[in-house]
Each structure stands twice: as C-alpha cells, then as structure tokens.
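Labels run A, B, C, D, E and F following the written order; every chain starts at residue 1.
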Amino acid sequence: MQIRVINPNTTLAMTTKIGAAAQRIAAPGTDVVATQPASGPVSIESHFDEAISAVGVLEEVLAGERDGVDAYVIACFGDPGLLAARELTRAPVIGIAEAAFHMAALISTRFSIVTTLGRTGIIAEHLLEQYGFRHHCRRVRAAEIPVLDLEENGEMALNRIIDECRRARDEDNIGAIVLGCGGMADLTGEISRAVGLPVIEGVTAAVKLAEAVVGLGLGTSKQGDLAFPRPKAFTGQFEHFSGLTPTGRELPKQK
Amino acid sequence: MQIRVINPNTTLAMTTKIGAAAQRIAAPGTDVVATQPASGPVSIESHFDEAISAVGVLEEVLAGERDGVDAYVIACFGDPGLLAARELTRAPVIGIAEAAFHMAALISTRFSIVTTLGRTGIIAEHLLEQYGFRHHCRRVRAAEIPVLDLEENGEMALNRIIDECRRARDEDNIGAIVLGCGGMADLTGEISRAVGLPVIEGVTAAVKLAEAVVGLGLGTSKQGDLAFPRPKAFTGQFEHFSGLTPTGRELPKQK
Amino acid sequence: MQIRVINPNTTLAMTTKIGAAAQRIAAPGTDVVATQPASGPVSIESHFDEAISAVGVLEEVLAGERDGVDAYVIACFGDPGLLAARELTRAPVIGIAEAAFHMAALISTRFSIVTTLGRTGIIAEHLLEQYGFRHHCRRVRAAEIPVLDLEENGEMALNRIIDECRRARDEDNIGAIVLGCGGMADLTGEISRAVGLPVIEGVTAAVKLAEAVVGLGLGTSKQGDLAFPRPKAFTGQFEHFSGLTPTGRELPKQK
Amino acid sequence: MQIRVINPNTTLAMTTKIGAAAQRIAAPGTDVVATQPASGPVSIESHFDEAISAVGVLEEVLAGERDGVDAYVIACFGDPGLLAARELTRAPVIGIAEAAFHMAALISTRFSIVTTLGRTGIIAEHLLEQYGFRHHCRRVRAAEIPVLDLEENGEMALNRIIDECRRARDEDNIGAIVLGCGGMADLTGEISRAVGLPVIEGVTAAVKLAEAVVGLGLGTSKQGDLAFPRPKAFTGQFEHFSGLTPTGRELPKQK
Amino acid sequence: MQIRVINPNTTLAMTTKIGAAAQRIAAPGTDVVATQPASGPVSIESHFDEAISAVGVLEEVLAGERDGVDAYVIACFGDPGLLAARELTRAPVIGIAEAAFHMAALISTRFSIVTTLGRTGIIAEHLLEQYGFRHHCRRVRAAEIPVLDLEENGEMALNRIIDECRRARDEDNIGAIVLGCGGMADLTGEISRAVGLPVIEGVTAAVKLAEAVVGLGLGTSKQGDLAFPRPKAFTGQFEHFSGLTPTGRELPKQK
Amino acid sequence: MQIRVINPNTTLAMTTKIGAAAQRIAAPGTDVVATQPASGPVSIESHFDEAISAVGVLEEVLAGERDGVDAYVIACFGDPGLLAARELTRAPVIGIAEAAFHMAALISTRFSIVTTLGRTGIIAEHLLEQYGFRHHCRRVRAAEIPVLDLEENGEMALNRIIDECRRARDEDNIGAIVLGCGGMADLTGEISRAVGLPVIEGVTAAVKLAEAVVGLGLGTSKQGDLAFPRPKAFTGQFEHFSGLTPTGRELPKQK
C-alpha cells in the first residue's frame, strides 16, 4: 500500500525528515511517499499559516487520488484541512494530532502535550475539544521554539523540548507525553529516553493508524457529511477545482 | 466607521444581496462595503469549499487593512477563516454563525438552526461546540436546498425554509430560530412573519455586533494566540504573503 | 431609543457612575436612564444579596414597561433576576456578566475574570456554565475588595484590581480580562492602559448589545419559556403583582 | 430534630399537603413544621414567580434560625433561593429538585422528569446542568397542567401525570421517574403503582436527605462561598435585613 | 432495618473499624452488619485490586439477599462492583464514593478529595465523571500513604492526611473535603477539628443515604438496565453462579 | 508478534469465531492466539456478567505475560477489566469497544452503535463518556437479541442486526455504524454490504490497533496510574495473586 505523507509546509528538509520517520515506522509493504505543497508557508505557527497551508494539503490529496494512493497523513499538528481532505477521497486521511491523541489514550489515562510556540496551544485545545480528548489531556505546554528551529538549531531545540517534557512528567500527573509538532518526528526516541515516559509522536502514529484502517478494508465514509463535495464552479486561482468530481477508487470489500 | 462584509463565495448576486441587507441594518454613520474574493467557489457547501474560501477571506481582510477598515464580517455560516482573519488585524472580525448564536442566546434560552444542506450540519455542530452553545441549540435542521437555489429558485427555497422552520417551532421546544446561511440575509422578515418566532440571521447580527465592539473601543486582542502572525516565507501562489507584517491601525483608546 | 440601566443595588453613587458610563458609550439617539430599586441592599456580595436585589430589578422592569423602555440592562455581575426580567417584557434584557462574556469571546479565545470578593466567584462560575463560556474562561480571580470600596476607597481598590489583572495577564495565558463588578464601569480605560490587555466591562458591553438587539428589530422571545408569566394572585407585600398581565409594546417588525 | 419544610408559594392547601407528606415520611423523632411565606405568589410557574418567592423562602429561613431549626427543605421544584438560604444558616438546606435528582441517581442509571407546565422545563434543565445530572436525565416532560390544578382538579391532573409518566416509561429508556412539582408530594404511591417504575418525589426525598445530613453531624459549610453574608444596609421594604448577622447554632461535633 | 456494610478488602481490622463507624452513625433501629469477602486482596490500591474485589462484593450481596438484607454499602472508595451489585437486588446499594460526593454537594458548592495513593486518583476522576460531579470537585489529592498504613501506622497516616487536607483548604477554594478511603471512617471527627472544614467520609454518608432510600420505600430500579441478570451458565470457580435467579424481596409499597 | 485475543466469556464457539476473525485481519507476522477464561459466564449481558468475567480476563493476561505475549485484545464490548489488565503488563491492551470508537472517529464524524440487548446500552454509554466519544455517537441501539443467539440462531440474529443498522442509517444522520458485540466479529462484511455504510467491528479494529501500538515501540505506560500493582496478600480463591510482582518484558526502544 502507498501512504502519502503530506507535510503541509514547504520546507523540504522537514518533508524529508518526516518522510524518513514515516518510512522507518511503516510496515513491510507500505510505501511512504512524503510530499509538500507547491505553494504555502515554510512553517505553520498560526491560524493564518494553517488556513493557507490547507489549500496545499488539498492539492496534494487530489494529486494522490490521481496516483492511486491508499491513505494520507497530514503531518502538521493542527491537522489543517483534515475534514476537507476526507471529502476528497475514499481513502483514510489521518491527522497527526488526532493520531497522537488516539494512541496516547490507548496506553495511558492522562497525557500532556508539548508543542513549539505557546500561541499554537489554542489550536491543540480546539482539536482536543472537537475530538473528545479534552479530559485526557492534562495540560498543553510549549517549549517556546519556532518550528524552523527544529531544523536550524536542532540541539538547542531538543534541549528545550526535553526540559519542558520533564516538567510535564514532574508536575502534570500523566502517563505519557504527546509531541506537538511534525518537525519532532525524529526526536521521539531521544526524548523518551531522556524523560522516561512513553512519548507519542503524531507522524509515526498516523502512519500506523492509516495502515490499520486500510488493513480493516475501511476508508473515509462517503455517506453523509464526508461525501464527495458537490461539483461546482471556482474562480480565479482556484478555477482548476471547477467541476471537480472525485470518485475515489473502490475500496476492497470489508471482510 | 467602515465595515467590510466579506462574502466568502464568489457569486456576485449573493454579495450584493448580503451587502444590501448589511447596509440596511447598519447604524447611521456605518458604511458597509460588501466584497467577495477574486478566487474561490461560487457557493460553500462542504468542508472543501470552506477551506478554499478561507484564502479569499484572508485576502479580503488584508485588502481591508490597506483600506483602513474598522471591522469585518465573514458572511458564510461556517465562519471560514475566522481565527486566521483575527490574527491579521486589530479590528474586530465577526463570523455570521457566531453572531447569530450570540444574539439567539440573548433573546431565548434554546434555539434551533435551519440551514441549507444536511451535509453542512456537522460544520454548525462543531462551531456550537467550540463557541460554547452546544446546549443552547436544540437541533440542527436542513431544508435540503443547495445554496445557489436561494438565488435561482428563490420562492421554492423560501417555502422549504419556512416549512422547516415551522417544524422546528412545533417540535423543538425553542424560543428562536437561527438561519444557517448568509444567502438567507434578505429573508428574515418574511420567515419570522410566517413562523411567528424570532428569527436570527447572521449577517445582520454580525453587523450590529461589529458596531458594538467598535463602539466599545475594543478590537481583536493582539495578546497571545491572536497576535499578528510571525512573518515568514511563503512559496508559489502564496509567495505574496512572504514577510507579511500586518500591524493594524491603532484603535481609539478604551474609555 | 431608551435603555433603562438598572443598578440592582441601592447605592446612588454607584447608580450615577454606572449611568454615566452607560451614557458615554451609548450611540447618538440612545437615551440612558439609570435607575435603582426603591428597596434592596446597598451592595451585592452574596447569593442572599442577589436574591433580594432581584425583586427590585423586576420592579424596575415593570416600571420601565409603563414608560415604554426599549431595552434593559441589569448592572450587577451576577445578572440577578435576568430570566425573570425577560419574562416581563418584549424588549431585550441584557445582564452585564453575559454581555461581558459575549464580547470577550468575540475578541479573544480565552479570558479571565477579575471580580471583587472571592466568595462571589461561584456566582460567576455558575453563570459561565449556564451561558456556555466555561471553557472560554481560564480563571475567576478576586481582588478581595468589598464592592463599596470602589466608591469609598477608590484608589486603593483600583490598585488592587490592576495588580490582580496583571497577575491574570502574566499567569493565565489569556487574550482579555473581564471586570467582574458593575462598580468598575468607570475604570476600564485606566485598567486597560495599565495592564496592556483588552479589558471588557459589562455595563458598557451590555449597552452596546442592547442597541444591537434593538437595531435588529429583535426582542425577548415570547414563545415558550420566556413568555409573559401567567397572571395569578400574590399575597402580602407582593400583592401588587396580583393579576399582572404585561403585554409589552409591539416591536417594530423584523426586516 | 426539627425540619422546617418551606412551601415557597402561599397556597395553604399545598403547604398542608406538603407538610403531611413530609411528616409521614419523617423518622421517629423528626418534627416537621410546614410553613409558607407571608408574601408571595400562590403558585410558581415561571422565573418571575420563582424570583419573587425566593424572598419568602429567605424570610422563612431567618425565622427558622430564630426557632432553632435543624434543617430546611425548600419545597418547590425550582429550588428557589437555595444558595442564598444556605448562606443564612449552619443547618442543611435541601431543595426538592436536587433531592429528587440525588435519589434517582442512587437507584437508577437514567431517569426522566415529569413536571407541570412545559414552560418550567428550562428551570429543571438549568438545575440539572448546575447540579451535574444533565446526563442522568433523559428527558424533561410536562403534563401541561397548571400547578393549582393539583389542588382544584386533582383527578384530572393525576390522570394527565400518569399518562405522561407512562410515555416516559415506554419511550425514554429509563429506570425511574422524577416528579417535578412539590404539589405532587401526595401522589407518589398512586403514580408508582400505575406506572410500575420507581417514582421519586422531591419533598419526601429532601426530608430524608436532611435527616441524613443532620445525622452525620454535618451542615452547610460556612467556609468560602456559603459563609454568612456580610452585614450591610438594606433599604425600603427590605430594611429589616440591615445589619443582618446570622451566626447559626453550633452544630454537634462531627463524630 | 439491616444494612450490610461490605468491606471489599479482606483485612478484618478494617472491616471491624468500618462496621463500628457505620453502627455509630446508624439510626436507632438500623442494624449494621459489617462483612468482608472470603476471598480477595487485603487492600485495594489499583484497578487490579478493585476488579478482583468486585467478585467478593457480589458474593456478599448474594449472601445478603439470602439473609433478607434491606440495604448494602460498598465500603471502598472506588465503588467496586456497584452497578453489578445493584443488578442482584431490589434493595438499595450505595457506594461510599458516590455517597460522599452526594453529601458534599449538599453542603458546599465545591470540594476536594484527599485519598491515599496518587495512583488511585484516576479511579476517583472516572467516578466523578460518571456520577456527574466533575465540576463540583476542584482537585483530587493524595496523602501518599498505602491503605494498610491506616491500620499499622495510624498516627503517621493521620498526620499526613491532615497535612494534605490543610493544603486543600488553603489552596483549593473549597467548602468541604471528601476523604477518599473507607479506612478513614474513624478519622472524620479528628480531621474536621484539625482542618476547620466540614469533612465528608463515605462509609457514614452511605449508611445515612441507605437509610434514606429505604425510608422512602425505594430500592434499586428493576426496570431497564439494572434488572436482575438473565440466568445463564457459569464455568469453573464461578459455576455456582449458574442459573442464578435472584428475585429480591418485595419492597414495602411507595407511600 | 503474538496477540492474545481474550474472549471474556467461556463459550468456545465464540472464542473460535473471534480468533478466526482476528487472525484473518492480522498482518503477516502477527500470530493470534484466541483464549477464554477457565471460569466465567457463557455470555456477557449485564454488569454482573461483566464483573465476573473481568477475573478471567486478568488471569488470561497473567498467563500471557508468562508466554511473552506482545499485545492483548479484550473481546467483549464492555471492555471488562481493561484498566486492571493494563496494570499487569507493559504490552498494550486494547478493548474492542474503545477500538471500534477510535476507528469510527477516524472515518466519520458521527456514528451509531448497534448492540445486542438494550440493557447493555448503559455500559456503552458509560464507556463513550469515559473515553471521550459521547458526542461522536448519535445513538446506542439494540437489536434485542441475546448474545448466544449469535451462535445458535445466526440467521435470525443477523437479520435483526441488519434491520437495526438500516434504521440507524436512515434515522441517525451518521457516517458509520459500530457493532456492539464481539460475537458479531464475522458479520462485518455481510452487514456492511446490506446496509451500505462502513461498519466497524471491535475485534478486528483492536487487532489492528494492537499492531499499530506495538509497531510504534509503545506499550502501556508504567508511569503513574497504570504502573504494576503493588504486591500484597490475597485470600481464598484469589490467594494465588499474593505477592504478584509482574514486571513485564522490556519493550523494544522507541525509535
């Protein structure tokens, strides 16, 4: 099966890193293709960045549909464009925030999130509410590092994340930590060893959930509110979406 | 004061209608400018439409900032791009869904929503949850009319909406009805007379809330998670956002 | 239009101050009449004070109905008698706590409340729950000053409020502060300048919301649970309520 | 021990009936004194009635304090004045709505409420939310009978209540029914036999809970937000509350 | 009436202590029989201990049914086997955690819990959620003492509990404290005097609630989801449950 | 890797069926061992059955630990003994109810549950609340078939389930259906084809989630409230648990 891991920002180094982490965790027979939009922000640190990045995510899903992709991962912790992406395909689409929350809930009763900048904490809070994990998460913490510091000041960034994870461990009465940025996909092992708690990272979690859904013969429901969008006219730079009629590939039958 | 009422879709007739309804309700001294994005879907009936339309909404807010706009209204019931738009300005930005919910909560204890297509009900449900009105809303109903039928089959559409509103009145134990589409902005009076319940429509509600916020000398908080986005590089069709450093106009001091 | 701003306590200095703040914020054409009950506590700092004050609030609404008032504001942060008052009139009735919460939710994602005495915090908590803003409010704080200190020890009171607001700003991860007492209606500007965060005060917020509701041609729903009370006998000091059959003035039609 | 059962309305027949039901259920050694305010509505069917009745409830508690009462029951299903009453005494004060909810939760997982008029349903909904029983209650139903019909058209009223209880039993997937009016205190047995489900009535439930709290050596907490109100001036018809400094009797020590 | 107070663990000293506390608080005419399972853990400090102890609880209820018991108390703060026990009898079954929560809610608006080991806090959290008291409880605290220290190192244990209760009083903005372990049943008086706040202990609370339910002529609902279990085959060490057809004694009629 | 799929009841035909469904869905390299307790009920249809079955589940986990099992599935829709089982091992333990809920939330926004007997609906409701999926589930429905009818009256049972699933599809505004019994593990394909909606079955979902957790190098957190139970004495038929000191195998390091 092929999983398209979409890095919603346009920083190639991050896409490469995310793709490597995804492939490393993938099952034999799972082919990870990591992509990034042709257009968009180099990092996602605000609602604005996230809204713009959603367009690129959707373009990547449409491209994936043409390529016969079996599952998608949206590799930014805000899950930008998640429900819209689901409308475009019969394949499963997994956001890394939701993936991490689901996994954390399976191995612990309460967890904390350690993200990059404090200003993005509200995005995580809103997702926790929408997904149902508000009470599973004790606290949303930030290491206060810009996303691209994960690329450019890796050691400093790692140290600050570890420090914040240790505070979470010592103060929050939790069983696990969720890392709140796709750019941390390669740090899980090092952080978990430094902190001594299970550390859940969303990219890898999402890959395994995508494999799980596909393995069940399931895909995004096309009944009701995630059905393919009604075809219609678009104007201007989005004119190419006019008359869009995705139909998706038939899924294998549910056993 | 100038309010920019942004119709997130690109159907001029709807923009015109919304603008007229907004101006009609505006206070003396409020100048309504109704705009629509240069690019985007002709109607918004899915998460996909909504995600794409958010870009145009944000472009319109940035244009408004150059024009010295005092307040913004996002005139689609999904409030597309609301939090992102707020990051771009010191002015208030009001979504029509939130506006309608706030107003309905001030004049009744429980309300129902009557929207266009059933598939968009989930968007309203998620907003109710995020905004805190889950328990104020008894039921999300749909008249099952495509948005553009409001333009093209107006009488049929109106009749179906009235029918659904009457069912809400008779079955839902409510004190008010919220209309769930910006394209219904001119129908409030007729529906309220036909149904005999207060009917809240978001475009007009948002205009009055925008005037209220401005009148208080308040605007979008620039502290914390709605601060201006950090400037950064964007690529491709979004390159013009690179280095974006909105600063907003100074608000009049709070009295 | 005429707004009757009801100070539920019987301290004339506070009524005057509240009235002035309300008139200052009101739109041209809005006539504010500030009143206080003939009977009741000189300040409201407990459930007991609040329950007693509700009677006076209701008397004032009934008096307002005779005077053809267009909207009412209940200027105590516990919103005493709010739903009962709504039953008595077709006009909108706005509590200052709800008004402040609604406004705070429009300009920030999370806020804290700074009130007078800690013992009244539970009143705010219950209102947050009932109105749906529980998750929007990070923390209810108290400056631990009796209400009348706002009149009699103004500078000391202001300093303590500013101190507590600064703690809220520094510790609570918020975008705005809600002032939790009608007696702070004249302090908004000074506090917001001292703290550097938007400060929302309920009396002024309620005036603008009342104007907004009236501007929309809306009023309290008379369908269902806010309909006029059934007329009946009352005994003793409340005998004058016997057979009470308020009918309200016709609202202008919804446009 | 002496329990003062306060009927918040001023209909003597109802006070007598409530008192009889309370005494019948009371433990040996419990002396029930049923009282009603000197002033107030003859029945409580709206927020307005409830707000006015709260004053009488508080007067009755103050009278009870002078008489050395050991516990209070507020015998109207809206629990009018409950938190205010608790501020006035060290003795427990039990509302019949809360009492019925607590008891229903001990013998079933889900219950429905059958009340008098539909318009009072919102009062029950708000109490369920505040007390924490929102999810335990499947549905709030109304027999659509005015409260005084329980006195004046007893058989008709009983039949309508039984009919509505049967619908609750057949449609709501519940284990118990809560009767939503103090005036139904004498109907429990007949209704439970007719419906075949446990029927919880608040007056009797409250008496037993009051006995339970007193039996534990507990009373209303005087720490924090239920402490005695701060003494202050009251004006007009409430002047006699000026300087009120209730101190309560010492409770027996907790064992 | 006879109340069977079931200590779910098998430490006789604790059973004796619990029984004595229960009898001391019981009404004249209430006969407390304290029992413990023939099989099970000597203390309950984990989900595992709790799951095993539930079997013994159920055996004790079945034994009680043969003895004509009128009410049951499950005297461990996790309420192990509570809903299962209710299925086996028409009599009321009261867990000490729920009992303490109900009582605390009647005398205060907010409380904190002080339990033994931190690891059992999650059990209390889950019960608060299920029972509806999540928002009434400010904080779950632990004195970090193993349960049997209450027997073997009584003074040290008491001191640590008092210390933690004082921290709760000083930091949590509460009106009452709930003790989170059946083994503290004899400490209520001493702790409440040391801390100066009402202290609610579950065993005694449950006895009074059991008396209250019985006094109302109520018992566990046999309609719907708490009906007697369907008889069926059991194997192995549980074979004696095969064909189990409890029918319970007839309750006295509801008055 | 080896997954031990524990059928908590003692009906061999069901164990075999569940094991076959689990093995069929398992990845290459996953070895499913389906087991059932030596002691317990032949089916689980009540809280009582569930409480008794938990003991057998825990025995099976302990046996699995001796065998070096990599992951556990608890194959009854009430997830009996789930948190207790997690305490006993470093391996992941997945309940089929939680598994189905997680999967349903990944492919739809709202789902309904179709279970066997109505009386077990409350178990699903409590799990939805505890796990955070209350708002994702529109309705809990029952086909009203005893569990063993799935073995003994297969065709009749299937037809009733399909009928109920169709009602869910037509009335509930959902995107997916969750089957509420482990005994339906072989029916997913047939039901999904008959109903035309994605159908999620917990046994298969749990196997894929178990593989996912193991694939991530994760296991049950041993920090905090899911740590191994403290060793202690047990008496009677549970004496063999005395001094139990599970330590689990080292997990592979997180990558």
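One rule holds in what follows: a contact is a pair of C-beta atoms (placed from the backbone, for glycine too) under 8 Å apart; a residue touches a chain by one contact, two chains touch by 3 or more.
Since the structure is predicted, the reported quantities are computational estimates derived from the model, not experimental observations.
Q: Touching chain C and chain D alike: which chains?
A: The common neighbours are B, E.
Q: Could you tell me which of D-E, A-F or A-B has an interface matching C-D, in the sense that over half of the contact pairs are shared by residue number?
A: A-B
Q: Could you classify the chain A-chain B contact as same or different, where same means more than half of all interface residue numbers appear on both copies?
A: same
Q: With chain centres defined as C-alpha means, what is the inter-centre distance between chain B and chain D in Å?
A: From the centre of chain B to the centre of chain D is 44 Å.
Q: Mind checking the centre-to-centre distance between chain B and chain E? Centres are C-alpha means, answer in whole Å.
A: 52
Q: Residue numbers in chain F touching 2 or more other chains?
A: Residues 83, 109-110, 118, 121-122, 129, 134-135, 173, 224-226.
Q: Mind listing each pair of touching chains for me?
A: Once each pair is checked, the touching ones are A-B, A-C, A-E, A-F, B-C, B-D, B-F, C-D, C-E, D-E, D-F, E-F.
Q: Once bound in the complex, which stretches of chain C touch chain E?
A: So the residues of chain C in touch with chain E come to 118, 121-122, 129, 134.
Q: Under the touch definition given earlier, write down the residues of chain C that touch chain D in their complex.
A: 10, 37-43, 45-52, 54-55, 58, 81, 83-84, 86-88, 118-122, 126, 129-130, 146, 224-227, 229-230, 232-239, 241
Q: Give the list of chain B residues in touch with chain C in this complex.
A: 24-25, 27-28, 83, 86, 92, 94, 98, 102-103, 105-110, 131-136, 169, 173-176, 188-189, 192-193, 196-200, 204-205, 208-209, 211-213, 215-216, 218-221, 223-226, 253-255
Q: If we count contacts the way the header does, which residues on chain B are in touch with chain D in the complex?
A: On the chain B side, the touching residues are 109-110, 135, 173.
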